[in-house]
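Across the two complexes that follow, subunit A remains constant while its partner is subunit B and subsequently subunit C.
Let's look at the complex of A and B:
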């Protein structure tokens, strides 16, 4: 103890018998020092006797068995969750789907599987020493029991758009890798289709039905890895990054994880962001004293804002603490990701470049040349490779500037359907608002902790898409591109709450259960008309095998596995105002008479969409078919005996070829 | 607008050349050990080469359609025809229809009956 340190070790004072005796030696030294400085004499304070020590309470059963619980509870719950899945398949009645979607028809084992999966995650997270492999395994089980639940329960991939994209892959495959022109704007960004066509050819397969079915669960698992890596850089710690990954999975009702270019694009976006905010992350200022621009004199007038901006822009960011070879490897991989996403998707490159440009502007990463590479890559690709698009559809690039109309198309026009459908859609709106609320509140916490507002800027950058003429789905993309950062900031808020009030732990655990139950409700909300059965795909393949090229083949609406083959062989009619889809049209017979298709295809999902989304009376599609047959213009070529709404009508007199002699082109 | 697709390969080559120059520059910058010294001469030379390559790529893009796209975006005109995008469509003159003409069961007008034979 020094002469200046009058503190006493609390434990020694309590335990030692000398505690009751004044330390005369120390007092003596202090007294000498006090006399020298002419301070008032030190007064010894009376010693307060410590309270009587009570016998510690005997450890509870949980405390005594804590090591065993920490070791085995999480794996046991994960195995239980997986064991529930076959029971969930057996107890779910897909035939009873209605406007309330999948959540209403799920059996109790499905909900138990979700509960066990959440328990596996939380028990490992709250363990004294969380194991990374176990947390990873529990996260995979959680994804399988939430996002992947439709893949488990339903016999084929849901979502008609995913089947349409497999038709695009088929079109590229049968043309030996050359995307067809003038058919769909998406073919101008053909990398994803070409990639899967190549995989298909290399595997010797002629369809991707199984890939389609399990793609959402697999791709969300990859996204969760990206969120974890990003959160490790932004939040640190050993538990918060996992919570961020779970929060992302729980808030991701957007369903852009089906077999699609944007799903792959998000993987690449997260990779680039993880590089920029991880190994490449740096600052312009360096607290260790490395000289940069000189600090202003004390009391000097502050420089104008533009001057500070120029100084900031001209100050090179510090070099990250990585060996040069690793740094160069990261540059190379980041550039590769950016260049790979440019020919794959229209919007994702702009989201990546917008976020990278913001980070470069504020000097948060080294390697600003990546922005230059990305911008020039996008320009070269659009000008040269996507020339047919800008020569014919320049409006796609410049939009109409009518954000109000885009908002109406993206939000208001989607709030349709029966009561269940409307509740589902308002629920999606609320969860989107919750995501932004969590993100912005988390940004405040992040600001208090690190004095940094740049992350929330990364979530705001994608809002620029609102002014682009991409259609109603643009708003889904805005949320999708911002969601990774919003969830990480939201996790910072949750961590603050747990540290602030310990009783928030069980509250947040209950909140996690509620969030994932809501996720299943919202994601499965459209399943009455998004569910697909293998017999639907088989029926359409039979149509392709028996219909001569050049005929018009038309579905009554969008859902179902339509155009999964023969995309370039058949027309779809269309181009008639008010008759884009037959299901919501007021004059269905008149529309069919104007379009005059040779083949009309209907699925059970189209019938359900007409009933629950467009409020047609039940049986409307079969009534329509009977009317056409009664007129003598069409005849029933095929009707599935197990589902009367799966049928194919052919125009009377239209040629049909024998399926045994029909060979697929290519 | 007449663009020569055969000239596209020079744009691609220019872009790949720029990637190579930027890659070499990154290699030289990151592998140089000097932290507080003056920028080495070879880095400055490569920076200059990068600027030149960017200028070359931008020039090639300007020739191969960039000019048309910028004009279309700034002036909101069709890049091929040069006509305004927001130009309202020409009014369609409705055919003269007899409101009392007979219709079929779907409301479509029936074809007009054959007229009397022309006088010989």
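Let's look at the complex of A and C:
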């Protein structure tokens, strides 16, 4: 029925008795009807036949079983990955380690474990409704099968520096909480050593070997939680934060997660940053986008840039939506974290304060007082608690400003070793460049999406350490402090790619496999001389138990569990130009003659370092020992029957005490 | 917006964590008082676990409507920070009493943990 049907047509008007009635309405209608004696023919729209109904394609096996797959595939893969780990231990030949590192000697089950772990993560991520607990469990398995793989496969903690730090903990514990003075600058920031000395004493333990072994995996898990929480605030979504956490784990070849103050410091940094950019985050504009400063008159000349900056800086940020008590709780906890890191590590407080200061300057969080608290804390610690540092070692803070020397020590001097070692090190530079590339490209995407360049500024702030001239590890720290933000920005880029081109999903899945394989290759690249066996630690403890205090005990180089006990009881010789380490020295016999140690300790890892990093000929350490023995100046006090390079030389005539009568120092 | 069932599960989990930490703290103190040998590292694991998580959960338990990641991050952060500062206080004050400090931290944390075990946010 159309609107025309409601009108009386000409015929009906003629037949109707009302047609003669001249009322106004009828007149109008009749007038129309009189002009057009008949309605124009209705033009019917052509009927378009519907397209032939095709039978819907039968659902594929995957579509039919999607709920079951979503529910069970990820847990099954995670369990498979864990089941592969004992097989990985059994099939990895650590004795075959060379300059190519761990990746070369890993058995197939280790690689399968990694593959299954990645599969567990991705299958849950691509599920229709990803489950947060399952994603968390899959991430834990992924960390265990990648960063934690050396902890699983090797019988003791790798990395000589971790063992050195446990020696620092021991020194604080046996001295009843008094850090040794003048021995190492790191004792000027003793909180971390005292913390673990306290734990050790309170638990009635006399060593922390197990803690050392599992520390990297545990601390990277905490970092991953931090990245996930930070990415939730910065990126939003339910999948991207997990991808950010995985990207961070995959790009973290830096190996600053060993038992160390900086590893703990990063936990605190991430805590503060997460709450500053999460619950405390705000802007200088209100929710409706109105600027906090009165708008200029229409047509008024625009203020100069510096004036706008001043106005912006003076406009207080809006209050976050948290209730006041919650706000106070978060302030309190963040202040606690900032204050705690000050006596624990020399660089991390400056990284936190630099990043917070930038955020405060641009008004991105409520609580600028945190920066003030941090600055006051640093000043109080330096001026009062650590007076010896600034009176004698002020250079540790201000540096020598020699960025060129720092660059040489941090970059150029590390490109040594055999072909495998050089490939590993160039690979590390490549991945570092990839991290910055992803971060800066991600910053462009972030800018297009949110008109915000502050996050990339957070990654740039730590670059100030390059000017400080911290030393060889300074560049590792710069990358470490910037990596959380770089990975989150990189994830924004990856998300953009996936949304832009759907086929990028499988490409990125393959990329994830490649990234984690690269991670194992790069992190384990030095394992030929970083691997430690329990017998090495036992041998050194025997040396401590049988050597009278005051003697000089010296290793032939850095690797291995040296100085894990008795740090303050023995000298190490040293102070002779060109003889800092014996392994790379050109005149090894001459160096030993000048240093004149009472005890020389060697581990298999030192032999390997000499071969693969310093290019000595295989067997150089044993040849050196034999030469010293032939000279009659030293004798072989101990040689491990399973590893001839684990040996202890003692100076002829130097006193040795019976280990049964020697109690534990302290 | 999480469903009521999810919220209930989250509250139950928070209660469970608080109860476990109370037990860990008390057992760590008892093992310390009676100087029970470390054995297979159980005492070390209990003591370190409680000291790193107990004070943190006591503080983080007050956080409302926070995702689990924020809760755990704050727990670890505050736990690490508290123990670092406590250790530094012992060093700076030349008052080295690891046992006593364990008892103090436990005594300060357990009431809040018990509160969180009863009233989960």
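Throughout what follows, the second predicted complex is superposed on the first by the 610 of 666 C-alpha atoms of A that agree within 3 Å, B and C clash if a C-alpha of one lies under 4 Å from a C-alpha of the other, contacts with A are read in each partner's own complex, and residues count from 1 in each chain.
Methods note: a residue touches a chain if its C-beta (ideal position, glycine included) is under 8 Å from a C-beta of that chain, and two chains touch if they have at least 3 such contacts.
Everything numeric in this text was worked out from a predicted model, so none of it was measured.
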Clash or fit (per the criteria above) of subunit B with subunit C on subunit A: fit
Partner chain in contact with A:279 - subunit B first, subunit C second, else both or neither: second
Partner contacting more residues of subunit A (subunit B vs subunit C): C
Partner chain(s) touched by A:183 [first = subunit B, second = subunit C, both, neither]: neither
Touching partner for A:225 - first (subunit B), second (subunit C), both, neither: second
Which superposed partner A:319 touches (first subunit B, second subunit C, both, neither): first
First, second, both or neither for A:198, with subunit B first and subunit C second: second
Which of subunit B and subunit C A:210 touches, first, second, both or neither: second
Contacts of A:379 with subunit B and subunit C, given as first, second, both or neither: first
After fitting on chain A: smallest Cα gap, subunit B-subunit C, Å: 11
Those residues of subunit A which subunit B touches in one complex and subunit C touches in the other: 332
Subunit C partner contacts - residues on subunit A that touch it in the complex: 132, 172, 176-179, 190-192, 194-195, 197-205, 208, 210-211, 222, 225-226, 228-229, 232, 264, 267-268, 270-272, 274-275, 278-279, 323, 326, 329-330, 332-333, 336-337, 339-341, 343-344, 385
Residues on subunit B engaged by subunit A in the complex (per definition of touch): 1, 3, 8, 11-12, 15, 18-19, 22-23, 25-27, 30-31, 35-36, 54, 57-58, 61, 64-66, 69, 72-73, 76, 78-80, 85, 106-108
In the complex with subunit A, residue positions of subunit C that touch it: 28, 31-32, 35-38, 41, 43-44, 46-48, 51, 59-60, 62-64, 66-70, 72-74, 76-78, 80-88, 90-92, 94-96, 98-99, 101-102
Subunit B-touching residues of subunit A, taken from the complex the two chains share: 290-291, 319, 324, 327-328, 331-332, 335, 367, 369, 372-373, 376-377, 379-380, 382-384, 387, 390-392, 394-395, 397-398, 589-590, 593
